[in-house]
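For clarity, chains are labelled A, B and C in written order, and residue numbers in each chain start from 1.
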């Protein structure tokens, strides 16, 4: 009897962990790796595995799916809804907002940069949504850390970024105009 | 629907004019506080402006705004402001403007029989009105800050769109010109600041970076050694602010030396991080 | 029997609509209004209502919740998970400076106002950075001009401002403290 009770308790705790994972995936700007999840939620390998399994099962009934990419886990809308999305938000694929382009440009030209480097250069706080979109498009990745307080992650552009902009190498980016020149002509 | 955060620091109906230094509320300052001029400039920056500072003085003297004797407050304000030497003008433009207003009021009050014409406003009444209006907005802003706010108290759920290969069919190629144009636009962006031109002769961020670099590379150094001598007086002030900022972030610490450092220049600092 | 079949069919179709709504809310960059949902998914008032109800019920089991804001419906992470997110993603927790909050309050309570109105009330020169941040967040807009010398632009708050502070209308702003009270208690 005690055994059954414990098993039930264990099942509940796995269910709770899987909900915490779901929350973090919804809140994270970048995909989350297994290591990151284990570290942040203090999980053993087995707990993580079971919780991810529980999450997948819960998601089968939902409109989302758990996706594992090279850079980690993320939640995305199930593929069969893409016609609906394209019909109703046709512009979501093409239109890149000015804020997104500026952020991307700063990363492309100044890489590797941290989140706060971008904020410093643009003079405004960076919205989580923009970074998330750039990660989703696979145009940026986190690689390495800056050895300062908090060890912030360093952002780089990817080959997918080069592909999307028709470049074969970063050195094909248009040359950066000198800021003094811009100011003088404005 | 409006919701308030279930927090311990709700603004109550009475006006709370707490002094804050580096976001930490300070209940009381020592009665006869001597603040050295450089530090005073920094201290002033902890207020949202001269009205905020005046309100603090009023509160400190426990004065009813309607009964407020303008003269003692004015004198206190002017005494504080006179601590600022010419090197800090750019830090204190708004404060000096207020000082001139206060001097005008003081002059008015000291005149033996100030006959006010009907269309001329009583400057004292006007100042009290401004202070009251400001106090009202300040309280309102604290109430606004107590509301449940998106991206601080509650968070949007973010999910990705379906797989790129599924959506990719019509994914257009982008021109690299888009990138460079966005950077150019960023530089050209209209400056919303229309009234005054404030030139940072010595940018604070540059000083913070330089001091961090020096300390992390070379270990402990004195404040004097950290200065860029070409930056003059303003450089000293900005460097001091930079040191305070780094102390606040706990990146550096003050080294305890045997010799008492009674002058700022001998203050020795070391890298912690 | 036919009747039961129809009811079941109807229930299924409502369930499907509610899933489509969920997908669109996830895919949209801003909240969606009832009108937008009705128009895009060709729904009657009743269908929309039932589908939203079904969505809410489905979400009770999940980590998300449906919120109605000034500019429409949005999905957010359920309130009780906020501490978890604040702990693990501290960069998503945005602090606003006193100067920014005061500027925003002047605009919110006294709108429409010009820059110099704000400077007069606060007694300080308005820093470009504060206005830039408020514009960047989409919390304020310029609309119209004051017919005085220089025709300065008039500033207003936006529905995004209401959304961010969980208000559905400006009249839900916390009341301004009464001047008489300030006089008496300060």
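Just so we're on the same page, a contact is a pair of C-beta atoms (placed from the backbone, for glycine too) under 8 Å apart; a residue touches a chain by one contact, two chains touch by 3 or more.
Just so it is clear, the structure is predicted and the values come from calculations on it, not from any experiment.
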Maximum inter-chain contact count - chain pair: B-C
Chain whose Cα centroid lies at the greatest distance from that of chain A: B
Separation of mean Cα positions, chain B and chain A [Å, integer]: 35
Whole-Å separation of chain centres (CA-atom averages), chain B against chain C: 29
Chain A-chain C separation of Cα centroids, rounded to whole Å: 24
Junction residues of chain A, two or more chains touched: 26-29, 64, 77, 81, 85, 92, 128-129
Interface hub residues of chain B, defined as touching at least two other chains: 151, 155-157, 159, 161
Of all residues in chain B, those that touch chain C in their complex: 1-4, 13-15, 17, 20, 48-52, 55, 58-59, 64-66, 93-94, 98, 130, 132-157, 159, 161, 191-196, 198
Complex contact set, residues of chain A against chain C: 19-20, 22-24, 26-29, 40, 62-64, 77, 81, 84-85, 88-89, 92, 99, 115, 123-125, 128-129
Touching residues (chain side chain B, partner chain A) in the complex: 151, 155-164, 166-167, 170-188, 205, 249, 251, 273
Residue ranges of chain C touching chain B (in the complex, touch as defined): 26-27, 64, 74-77, 79, 82, 85, 92-96, 98-99, 101-102, 104-106, 108-109, 115-116, 119-128, 131-132, 135, 163-168, 172-174, 176-177, 179, 181-186
